[in-house]
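Worksheet: the structure to be examined is printed underneath.
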């Protein structure tokens, strides 16, 4: 079994000896000292441009091999499917208020163009069939979503060094989300940081550092490897559910990745990562200079596909119960041509 | 191996002896003799209402067991992922013209709310991040799609006997597509009828009967079983691609299921079925009395989830090459609350 | 001059003697005693069905004669155009919260499909023109708007006795807003109730009764007549602006018409009426039995076209200054086929 | 009477002596010799930047004075209102095919969010009111429309010399259509070129030159003056109606303004102009170098507001009958913040 032979699993035995990681909170200004120069250095260090050829449009999704997919399927042992999506409707997270500048996002608008009430009223019968139809108007970033590689730009460039002017009003001419249509299948790993830290949910400004990610791995006995999809549970959505309000969720303060984890994602050669927060990385950010500095590096520089607003509670509960933190992960994006993102119903299959 | 022990596989040896099935064309009026009474009789015979309890909202998706899912994962041997979706864009099938009454469907409209050209122009920099966003406006029936159980009504009822007035302008209050969020995972089987019949694509009006489905199974050495997702390849999309026009595709004449196959789907206890046509069943329909009579029975009466506009060529090519017509099938609907359908990027994983 | 000869004008001299009208507040439960039976009686009394023929689809808009239009044009003396629309954007009233059940309305979503930043980036130049385009997604009830005659139904009927099933998912087959395309031109009269009552704005629950309307007429020296468009200023929007919040505006408590004014609108043979509130009539309504009882009578029974969310401050200021409360009113609906309402930029031309 | 004293009216008597104007057809390549240099020269000659101050955002709409508006109202003599809008629906012009590059425009999509069939089905009654609502999704350029001053850019500039980067994905930060909310009121003049040329409709490629505009004025006894809104009837829509197809209309060949008319519009100090064609100017354009060269000058350089897809037949018929080609014109744009255009229901009031 892949899982039992891993170094992480071996360290399981030694778990009692695990040293608690250092934690810090970015709401404290002293933890917001990252500079623009740090970001530039990271850009130089982690740049994957050209790594998969000059025409590549999918970045780290290349890390997952056919063999990895076969192995991932072997992780299906219970025949249990767990959806990681929030339903798309007017109760979604975009209703929340924040103090950050608005991005104009809104909850999905679902409208019907033929209904059962039309049918009941007899007005469809000239068609000799009683059918219904519907339409959705939705931001591709409005709920559970993949960020495509065109979603964040680095200076005048996008992923792989393409000119940022490839993302026009007509959509992304390069690295559109439709290029990923046969990806997002592989081994999934849940890093339940909230659980590892002994919390139901992590506080706003809680920085998930490399140290904390590795602590979580050892604590839970699982290890993220090349080609994996890593899901990081902070409990942020549960906190919103508990307070019956999304206020603060979209764009507000949140637990999330510290900037130093770009190194971890790079070394581990992770295919994709997703969290249950609005924006993956810790907020307030560790800097005043740039907004979402982790994104600056992860997406356009490393080519890392990032998922956001994944609903991870059901999966976390299941993993806590059977103590198996790896699974087959299948989360196909909708191939919306030129999309810089996609809604998705990600499935963990155990 | 499930595949090699199946009766279908055994019959492989005897394939040379296969008797060619009877074929007919519904463009010939003598093949349009189905009556409203026939439909009513079928409704009485195949009604699954209550079969999974009075509160069930997912119908035949219940046929797939956890064990089936585990077995389906075992079919992943090459680590190859094949998408069965057409891209969602202005080149989609809704541009085609037909002689049938319009349904008001349109190709997806994708618009950007922040772009790389905005970034290049410097107007995003006050945000300290260069990010892009987008919106889609799309009919849930506009491209590769699942029909939800609220999509077709039978008289004043919907699936499981729910009152059809549950599908209001506010969406489907019962059997909305979001109820399927942890389904659409199982064994997939490709019935390549076009190939079995020795054609690149089947003609309009070609009725795919039970006899032809079973002939195809024997010919290809595969058998559809309880809980499976059955994909039926007619080549209709390839024909449109060859003619560089979708004219006739949306709502027009097409090859597809004969009405008698409702019996086959019922007996075989199929979880879901999808085709590469606009409307699954043969057109012209086998009757003048009702429109899409197969849908009348399949969806509201049997509770069968139906996929349409699946792009099956790549899968058909792969199966023809490795002669393996079964695979893991993962095709999660987007959980749009109250949806009577969903766009989907269905994956065959081999 | 029409204005100086009117009885209202004559009474101007006697203004000092005006008796203050009775006022009441519907937030007090004792002022919410209207019954369903009262509504039914009013329906019988004020029903205009058939008044303009059995095929009529525009109701009281018929009251304005060609002669009235000529006379209205004579009111243009300063050459001043005053818009009564709020801009359509994300700052509109639909962002406000209320305690009433949500109607799913949202502020207009405006998106660009070609931009100046595209142009600047050089990506449009292959077209040999630098042009921009845009799209709006908007509820027809989201801002300054006309309610069409299909907007409110009385039991199973709509205006003129048409079956309510004429308003299907495909729109209003009868009395769609497009039928008014050559109406909404005539004499406009501003009844500045807030000013007449000596307030900047009226309180929530303030019932504008017939007595108060007539008091306002006498106080301001103007009289509403057959075929007029009557604009009633409550100051509700100014109150929202002052508080920098739309909370409570959409669907919340508000000043507005008392139910008894249906009699006044009927007798005066008013063509159309508009207010600066979300829903024209007083809220809380004067009853617990029905929601918006005034609408039940005004729209489907009387055929009265009603405007809402009209921005009346600029007009009120101008009228207060020149003491002329009548003007040419031109407020064409967009002829959206089958619409039950329309956004509008209403103009008062003085 | 303004009309009877005009030079045009005087020349009426001499009409018999009118010399037929020179006509030419741009489908003939020899009539497509306009160069980029000609366009540049015109830009230098007709530039109105700064004419109404450096902060102006409405251009030639400034030409109409208060006095002009008073005079325009005096033209209302019959009390007849004529709408110049096509209904907004799926039968609109965007369904037509052309050989020119697509602009992604589509006919308005109108959907209901509460219906009479919902009401009939009883599912609205918990609200204690039977009301309906609707939504429109429409390109602001999809039907009868005003082009705003942000719609066409000249090199890196927009109207008044503003940087073209003011038109971002968030809309036009300068010269948005909402700035015109109290404009589009004045004297309207119909130049029925089709009638003057003795045709029901003009042929594709028919160039409406200054000579032809002036010939039309003399022929019809009307003259366009400073501050007027000039409506030019070509009959193009009637031709589409006659052929029951919009093919060729959106973006295809059409009669329209010759480039030399920019001089005429400039000298005459016209406030706004509208035609019954898709794009106002003659197509094929008189050049291969630029697309819509007349637009390059009219909109960003002169600041001229241009209307398109105006339905002028009813007005043309009325004018032909009463021989009065002037009227009050009221055509308020919807103040969609940042819009580069607006749908409009323009009214001619006679």
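Think of it as A, B, C and D in the order they're written, each chain with its own count starting at 1.
Rule of thumb we're sticking to: a contact is a pair of C-beta atoms (placed from the backbone, for glycine too) under 8 Å apart; a residue touches a chain by one contact, two chains touch by 3 or more.
Please read all numbers here as calculations on a predicted model, not as lab measurements.
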Counterpart interface for A-D, drawn from C-D, B-C or A-B and sharing over half of its contact pairs: B-C
Chain centre separation in whole Å, for chain B relative to chain A (CA means): 29
Intercentroid distance (Cα basis), chain C paired with chain B, Å: 49
Where chain C touches two or more other chains, by residue: 104, 109, 111-118, 120-121, 123, 135, 137, 165, 168-170
Chain contact graph, described as a line, ring, star, complete graph or other shape: complete
Of all residues in chain D, those that touch chain A in their complex: 104, 109, 111-113, 115-118, 120-121, 123, 135, 137, 169-170
Touching residues on chain B, where the partner in the complex is chain A: 65-70, 72-83, 85-89, 91, 101, 103-105, 108, 110-117, 119-120, 127-141, 150-156, 158, 163-172, 178, 181-183, 185, 289-292, 295-296, 328, 330, 332-341, 343-347, 349
